[in-house]
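As written, the chains take the letters A, B and C, and residue 1 is the first residue of each chain.
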Amino acid sequence: MPLLSYEDLSVLLPGMARPVLDGVSLSVAAGEAVALVGESGSGKSVTARAALGLLPPGATTAGQVTVDGCALIGADPATVRAVRTGKASMIFQDPRAAINPVRRIGDFLTEALRLVDGRGRAEAEARALDLLAAVGLPDPPRHLRQYPHQLSGGMLQRVMIAGALTADPRLLLCDEPTTALDVTTQAEIMAVLRALQQDRGLGLLLITHDLDLAAAGCDRIYVMYAGRIVETATAAELLATPRHPYTAGLLGSSPPLHGAPERLTPIPGVPMGLLESAPGCAFAARCRFARPGLCDQSPPELAPVGERLVACHLADSILSEVDR
Amino acid sequence: MSALSPTAPRSPARGPLTWLRRLGGGALLKVCVLLLALFVLVALLAPWLAPQDPTFGDFASTLAGPSAGHWLGTDKGGHDTFSALIEGTRTSLVGPLAVVVFCTVLGIAVGLFSAWRGGWIDTVLGRVLDILFAFPALLLAILAVALFGKGLTAPVLAMAVAYTPYTARLVRGLAAQEKVRPYVAAYQVQGHSAVFVALRRLLPTIMPTVLAQSTVNFGYALLDLAALSFLGLGVQPPTPDWGAMINQGQAAVLDGQPLSAIVPAVAVVLVVVAFNVVGEHLGDRLAGRES
Amino acid sequence: MNTTPLLQAVGLRKTYPSGGSRLVAVENLSFSLHAGGALGLVGESGSGKTTTARMLVGLERPDQGEILVQGAPLAARTRGRAERLARAKAVQIVFQDPYLSLDGRISIGATLDGVLRLHGCADRAVRAARVRELLAQVGLGEREAAALPRGLSGGQRQRAAIARALAVEPAVLVLDEAVSALDVSVQAQVLNLLSDIRRDTGIGLVFVSHDLAVVRYVCDEALVMYRGRTVEQQGVADLLAAPQHPYTQLLLASVPHAGWDPGEIGRRRRELVAVTPVGE
């Protein structure tokens, strides 16, 4: 049984033309790093938050999210609390926005340890020192006395990871954890996350817009568009031979670092907003393969194509065309 | 412009009060807005609305209760309370209006200049404002009366100066925040002058919030001026004014005929509360729009 | 080859007060850009690349050094309307955040119209035609012209910001992380737009970015900055194929790729920090 599993999760918000999430199924096993890739408005952050029982206010839901055996949709507050304080933790994009700027790093880290676990001050501090060392910070005793503004963005993100580890979770949800950081710092943070996943057997769900980062840092990738999973495969397969036109479009949109310089082939148009809806495939309006009478009729189901799953009516017929 | 939004839904009912519905907010807000509109209307039309000359003392019927001749009775001098209330609306609203207009203009000038120049000028102006904050408006107004004599002009000017720091500090904060936004830098890079960017582009952006503050200030200014008149230092009888009316009516309360004091007091409370409610709502709405 | 460069920076230095001492943001920065060229300024946050961009457009005054456009030095401080407009014609800028760099109260069309009027186009009909032309150049139409910024998507806003800069007809256009806030698919559209503009107008581009792949796509030459200093400057192809400076090598290794070893990056960075002098 996977550590984290989404079964056909749908989230509807009042006043929106389409569901925020539409039948999302996804799983993360212990010790596995999985990426959920999508652009802004694709629903990737809503998906991650659902694993902590956090849903947008006023939302109606269908389906289920299970973390380590605990079903979260419709769960009582005690179960949700149990998941948040011992099974799953989340790391956010902007560490500066997620930490109280007037409290010391030590207070931030020991608070949860003392409140939730009921540890004494000395014991909590010892544990905080261990965690700061585990995320690779150079001088844990000094950092405990420092304020957030005295640390760089990369160091602060490590502190946030240490904070996430105080609950001793089995699952780490990372919502664009490196987007606000420099590339060199991004690499360091990814190294920390990967070490945690491999050494401690944590499940890792990485939410990102960066397909290359997802491929380099994770084992499997889910690609999301307009609230639906459109393709899922192992990282290597997905990057080598994207099968969904959207995945192919994303790859064609990022300029390569090596190889012959070619003109980019961007996806035309803009991602579908929450106030728009389409009876058929949500991507049809931007898809160069879209066939009238087929793609605009019914939404495609996620179906196996070879080793992977693809939600595209034309997945079989355009196989060769989308190879890059 | 209508061609640009062909799909914009037409509002179903188009009556004279459609604007009130568009205002949003609860019933309290609507009542307050209507109340203020009513008072303004009364102030504008006072000479035609007042049934009698409020400066005329009818010594035949002093301290009279409500009657057909005097709807709200008369005071000790035989002045018609209802007429005095109506005519007093004008003086009671003009004073605060002058204070608010003056302190808004002055506050914007000081705040905008301070934020735009920054550096030591900003620091010095900030300290000057701090010192002005220390003077209660009413005390400053009384001081002005002591120096320049009774009447409306001296206290209005003194209170305008006392109220200026509130507006100036608000404007300075908003402008300093806005000034570092890239759109302001973009205007400068395009070659616009600093005066143009500050007055024509930055100021209109922060103006709604400033006006919300001025609306709240209006209520406080009215209260302060009424207090001044009540102390006998502001508007002088027989010119009708709510504060002066309350002062005149004090004795009447003891004589068992409190209407001539209660009526203007109620008017003061209504207007001050209404301005506060409207000002707060404007502020909340702008804060909501920001986020 | 014998013509004067379009844009030249000579020995630029900028410091900020920090506590008692001064923090060096940019130190001895020199480069030149020929007409129609595109230069990438690459570096991480705190490398001084944004300070450089702001000096180029006159939002910051250099402590030392000179900026020359077509051989003429740019006034550090402008006096009067004529000097302001001349400064604006020399260099324009597109900022990173398309949500904050446009005036929220003014429609896109009116924004462009205002720029044209400021720069001496008195005839209303001529302006209107030019506004349409500019918007068409960046792929926007009538609907977008009438819209306020909040009615547009991030990509559309950034196109509008580019049109606003082009309206001045500057010799040089500075793009300060202008595509990094955009979604990947939208970013590619804007990148193609920039290369079209470069091809069609012969405008010089200074492209400030942390993203080497994006710099490679837009520029022919790149200058790598690290802690305010220039560590390497050469053609983009050579820079990526054979980076000379350890920092450039580190930057390249940091970009996620197949067989990526992020653990290695941290060790190399600590070594680099240990040998690099910090500003005085």
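By our rule, contacts are C-beta pairs under 8 Å (C-beta built on N, C-alpha and C of every residue); 3 or more make two chains touch, one makes a residue touch a chain.
It should be emphasised that the depicted structure is a prediction, and the values quoted were computed from it without experimental measurement.
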| item | value |
| --- | --- |
| Most distant chain from chain B, judged by the mean position of its C-alpha atoms | A |
| Best-connected chain pair, where connection means C-beta pairs in contact | A-C |
| For chain A paired with chain C, centre-to-centre distance based on mean C-alpha positions, whole Å | 31 |
| Intercentroid distance (Cα basis), chain B paired with chain A, Å | 53 |
| Separation of chain B from chain C, taking each centre as the mean of its C-alpha atoms, in whole Å | 48 |
| Touch list for chain B against partner chain C, complex | 1, 4, 181-183, 185-193, 201, 204-205 |
| Sites on chain C touched by chain B in the complex | 54, 57-59, 81, 84-85, 87-89, 91-93, 95-97, 100-105, 115, 118-119, 143, 146, 161, 164, 168 |
| Contact set on chain C toward chain A in their complex | 44-45, 153-156, 183-189, 191-192, 195, 210-214, 216-217, 240, 250-258, 260, 262-263, 265-266, 269 |
| For the chain A and chain C complex, residues of the former touching the latter | 39-40, 136, 153, 182-188, 190-191, 194-195, 209-213, 215-217, 236, 239, 249-250, 252-258, 261, 263-268, 270-271 |
